[in-house]
Amino acid sequence: MEGILFKILGAFLTAILAFVVGMFYGGLRRKVTARVQNRVGPPVHQNFLDLMKLQSKRTNIAHGFMGHLAPVWIIIAAITVLMFIPILHGDLWFNNLTMKGDLIFLLYMMVFGSLGMALGAGQTGNPNSAMGVSRGLAQLAGFEIPFMLSLIALMLQFKTTSISELMQVQESGSWIIVQNPFAFIAALLASLGMFRYSPFDIVGAPAELASGPRSEFGGKYLGTMMTGGAVFAFIKLVMYVDLFLGGAGNNNLEGIAGTALGLVELLVKTFLLYMIPVFIGLVSPRFRTEQAIQFFWKWPTFFGLLAIGWALYKNGTF
Amino acid sequence: MSEIKTLGIPTPEEIKQAQIDFAPRCTSAGRVNDKETQGTVEYILNFARKHSLFVMAYGTGCGAIEIPATMTSRYDAERFGIRGAATPRQADVLLITGYLATKTLKRVIRVYEQMQDPKYVIAFGSCAINGGMYFDSYNTIKALDRYIPVDVYIAGCMPRPESVINGFVKLQELIKNGNAGNGEAYREDLDWYRKNQQKVIKNWDFPDKYNW
Amino acid sequence: MSKLKKENKILDKLNDVFDISGEVKRKLRIAVKIDSKNVSSILLFLKNQHGFIHLNHISCVDWIEEGEFELVYIVWNPKTKLTVLVHTRIDRNNPVMENIDTIWDQANTYEREFREMFGIEFPGLVGRKEFILEDWDDMPPMRKDFDTQKYAKENFATRPGREDAQDVREAIQKRSGEVIPDFAKKYSRD
Amino acid sequence: MEIIAIILLILLVGSILSFLINRVNKNFTGVTAFLVALASGVVFFTKVQSGYQFNFQLAGLDLQWGLTDYSYYFAYIIFGLSVLALLYSIKYMEGKARLGYYYASFLMTILGMLGVVVSQDFVSLFIFWEIMTWASFLLVIYNSYYKIKTKGIKYMIFSAIGAYAMLTAIVFIRVHYDTLLISEAIAKGAFNFEQYIYIPIFLLLGFGIKAAVMPFHVWAPSAYSKSPMPFTTIFSGAMSKMGIFGIGLVFTTFYLSNDPENFYWVRTILGWLGGITAVMGTIYALIQTDAKKLLAYSSVAQLGYIVVGLSTGTELGVMAALYLAVIHAVFKGALFMVAGAVEKQVGTTDMTKISGLIRKMPWTFFVALVSIIALAGVPPLGGFVGKWLLYEALITESNNYILVVVVFFSSTAAFMYSYRFLFGLFLGQEEKETEHIKEAPVTMIIPMVILAVIAMIAGSYPGLIFEPAAKAMEAIGFQNVSWQMSSLTNIWGDTTDLFLISMMIFAVFIIAFIFLTLKGLKKTRYVGTKDISTSGELPKEWENLTFQIDFFKPFERAAAPLYSMNMNKIWKNLGKNLEAFFGFFRKLYTGNGQTYALFVVIFLVVLLLFKDVIFS
């Protein structure tokens, strides 16, 4: 009984952590953008204020049942994936359901939210939404290829499909970014598309498509989507840290001190990782959809194939 | 040649009538949380609302050119939490930048009604206040608050970005005190607004019921 | 005159063919007046024979005192850089003008505007009746006898206390005590 | 009389009976056919157990009918889908012409399919295979009865090629191994690639054409989309699985040998053909504007996955193939029924013409949603399990690392057409001209909902399908196939707990849904789809703003090289060249007696000249 209680409490803690960190990262992104553009920029907690305001909207409109459910799918995808990703190494609080799902499951679960959202956007009947969805799905077919190649390389090299075991591998040896650098490069380039910052932000281009799939959502719907998006950003970062940067919480300290140190390590790693797409986005113009897809099918895919070759060489297949 | 009567200085009767017509129409209905009565929750929410203004910059007139200057590096409106919104669903503030042709007014009304409560309107430049240099134009409305409720007017032709930001700060003050946002009042007083709107927009094809 | 050789040459040629009264306004610019029936033929002549392949603009002037609309077709020759302004006048009470959008497609836009703003009919003009104005049911607003101020007062609520919402000339007179000179009085509204 | 013969007889008599009843009363034809199929199904599942066998002699040939676990597995698909499709047919076909013809052919098709799975010798297999093909051909041309020459011809030609290939293989088996029983042929190694390589090749050709494998898939899209929808349900859901059934039988030798090097090249080639089928089917599906055509191409793609699974030959891979065979029958059956319901109610399935049916046909939409989620392979529904098994099989047990990317690309691109289908028919602007449309009749809804519920349950408890699948695999040569009720494990020991995932998703769904619904419930209004923020413009009633044409144009542009590969064109060119070639021979027959006399003389001269060479 106590175990279950701990689990539930841990799940809540994880969700809150993901939410808070994701929101702060969103605020940091705005701040960094502002500083690069020689502006003061909004405060770091601006995203919390935005969310609070959106949730406090007195009226809301829905275009129908699927439109009403659109944010629900995002939340489902975000929370479910969060529960299956190890946040810290073997920590009591953040060890939710990490051994119960593997990478293939995570890969599919991660598109769950966007697909559900796409259905909701479709029901609004706004042509901009449908256009955004069309672009988003096409772009998905672009960046999932190098990402999948990179994951396959990891699976082959370490003979496991579980993300926890990949962390275990890095605990004893060096980080995977050293063991298979090509996989990291492919996954990193794919992550640019996953975050949908410039140059891959044509999906929700505000001026061109009126923010695309989101164009008919306001108030509580938009707020819930923002929450899901923030959690999702955190998930992607943690996933990359787990897969390539050795995870976090791999220290010898006991109890709360170990957890705290692990969290700090996690924050540093995720923040550094997050700044890569942010800075690339800051200095990039926008790709058209077909350019984006072709980009993903060229260099990132090449690195992905190289990663598989490297993995086969390392694990002794040839 | 037809006879032309100039407007001249209004007579006392006209002023009296105008006082009735232009009396602030949105007094209490939308303001459930003015400074004295608002509770802690509303106070916090107003704080959030005040610092997060998503602007539907409807570039109606020449004033639209001031918005990029206001938003970008030099004046940086984002430090007040002001940022652009792409569609009326996401927006809090409707910015009317300059003169409004009757043709545009129809769209503006629709955009305003598509926004979600609480929603604020900032009208911008002399033209939106009293017609400005278009005082005798056959297709430009002269007083915006006859057609949609306005929270803040920014005077000037054109107002500089400083004035625009000043207007936003004024709006923030109003929000903090719970005096801004007239969406509900607009719905309550819809008949009056509709009458004025339909006088200008001849071919009225909006749905009868207030359905957005 | 030797300076304006090519201008005069064109004018002479036009004079040979058409019944026009024309003059060389200045360098590169020729203005001709022609009867409204011959407009399309002179435009075609200019376009096909003399390389005036570009229609710059069509403008319309309301000569209310004379009871006429003046239409000005401005065509341009990209090789010689010459501009020809073809002036023509039509009756104001029965404003019908030949449609020239078969010669230049872009004339269609101007003609639709004139139809809406001046009420000039162009037989055979394709395009929606409603061009820029929406739901307009009054007199075409660019006609000089359309009283825009009256229309504005009748239709739009005006904010009270605005003192300059009046005839500018009168206001100046009232403010400064200045007397309107006689030569300017004919431009006054009443 | 043997029970299996009785079942086949019931179907045969039922087929004739429904034809005759249609002459008397048109209303009872569908019910009769449904009852016949139901009765035969009930008799089959109650009286026939796997392991049942029955020998008899016909025209001096030893024939054998019977059921192994493997064929029993396919019988589930056949009867399950057929009964539901016939129930669906009753209302769908109401008021249409030639009902007797339709139902008679339908029952004959079921008979053919059942015959194929119960045959344990090649002669009856071939006969039933032909019955199945011909009966289905009659249904393919049902909608174009008077244009047979152009419509069903592709299906006919490819079926004929397949049948000839099969017949050739059977003759060779008889010649080389002196047997007609399948089990004996397997025992004697007839399907082994070492000895007589053309026997398995010809068999694979015959079965592969039915399973719409790559170069022979061109008949499938048009045949699937042109048949009446209830028939397409079993055409794509069950009959294509007969091809899979056959490929599995051919590979039995390999599965028995338990040697991964065995059959290596054949399996690699077949696997790649399956992968390319999947990609081509997918990318062509996503540019279709007709929902039926989209589903037809999607079927081709899904069959590609199954072929990939079979050709890996590992435990997980074959399990994936068998699981996908069932789940594909379930969700694709439901989807074809959805398309049929829309066609019945609206009159067309052209996605550029209709949109926004969601509020008019909510149940149909629900089924479509569930089936599409299963098709896309997104957890927690049944399709995900199949995808998981396939990927894990390819990654962990086989060394086709690039093939897995090809398959993955196909299934990522499948998100696009999945969305396209739902969006095109059900989402988007609600139009004035579809205002009168009502939900489909209840007898059409029930089979769809049953299939959707199966797809949902299979997501949490795939063990229900694994159990018979595991038995079937043991029947074709695997030993001790392991499976769990609601979790998946690969050979590296990594698990995915489906029950937990489903519970998780369900719990979060409930919480988020309640939160979103209750928050500001009174001030949340429903607005119509004309109330959209189109820059303040008011869309007119007659204006349909739904984005439907060239939906995935950017992807098309990006993937232009893939689209330039068109198998249809290649076959057409081949056909043209063959026509020219045989046209030359036709010229020999001039119709002139003197020419023929000349031929005879030339023939005699040649005979005389070369008599030593020929008769030596």
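By letter and in written order, the chains are A, B, C and D; residue numbering begins at 1 in each of them.
Note that contacts are C-beta pairs under 8 Å (C-beta built on N, C-alpha and C of every residue); 3 or more make two chains touch, one makes a residue touch a chain.
Since this is a predicted model, take the numbers as computed values, not measurements.
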| item | value |
| --- | --- |
| Contact pairs, highest-scoring chain pair | A-D |
| Distance-to-centre winner among chains (Cα means, whole assembly as reference) | A |
| Gap in Å, rounded to a whole number, between the CA centres of chain D and chain C | 72 |
| Centroid distance [mean C-alpha coordinates] between chain C and chain B, Å | 38 |
| Centre distance in Å when chain A and chain D are each reduced to the mean of their C-alpha atoms | 37 |
| For chain B, residues that touch 2 or more chains besides their own | 87-89, 106, 117, 212 |
| Residues of chain A engaged with two or more neighbouring chains | 57-61, 210, 215-216, 219 |
| For chain C, residues contacting two or more additional chains | none |
| Touching pairs - complete list by chain label | A-B, A-D, B-C, B-D |
| Residues on chain A engaged by chain D in the complex (per definition of touch) | 55, 57-66, 68-69, 71-72, 75-76, 79-80, 83, 97, 99-102, 104-105, 108-109, 111-112, 115, 118-119, 122-127, 130-131, 133-135, 137-138, 140-142, 144-145, 148-149, 152, 155-156, 159-162, 165, 210, 215-216, 219-221, 224, 288-290, 293-294, 297, 305, 308, 312, 317 |
| Chain B residues touching chain C - in the complex, by the definition given at the top | 1-10, 14-15, 18, 21-22, 102-103, 106, 129-131, 135-143, 146, 196, 199-203 |
| Chain A-touching residues of chain D, taken from the complex the two chains share | 355-356, 358-359, 369, 373, 376-379, 384, 387-388, 391-392, 395-396, 399, 401-402, 404-405, 408-409, 412-413, 415-416, 418-419, 422-423, 427-430, 490, 492, 494-497, 500-501, 504-505, 508-509, 512-513, 515-517, 519-520, 523-535, 545-547, 551-552, 554-555, 557-559 |
| Chain A residues touching chain B - in the complex, by the definition given at the top | 30, 34, 37-43, 46, 49-50, 52-53, 56-61, 206-207, 209-211, 214-219, 222 |
| Complex contact set, residues of chain B against chain A | 44-45, 47-49, 51-52, 54, 72-73, 76, 78-81, 83-84, 86-92, 115-118, 183-184, 212 |
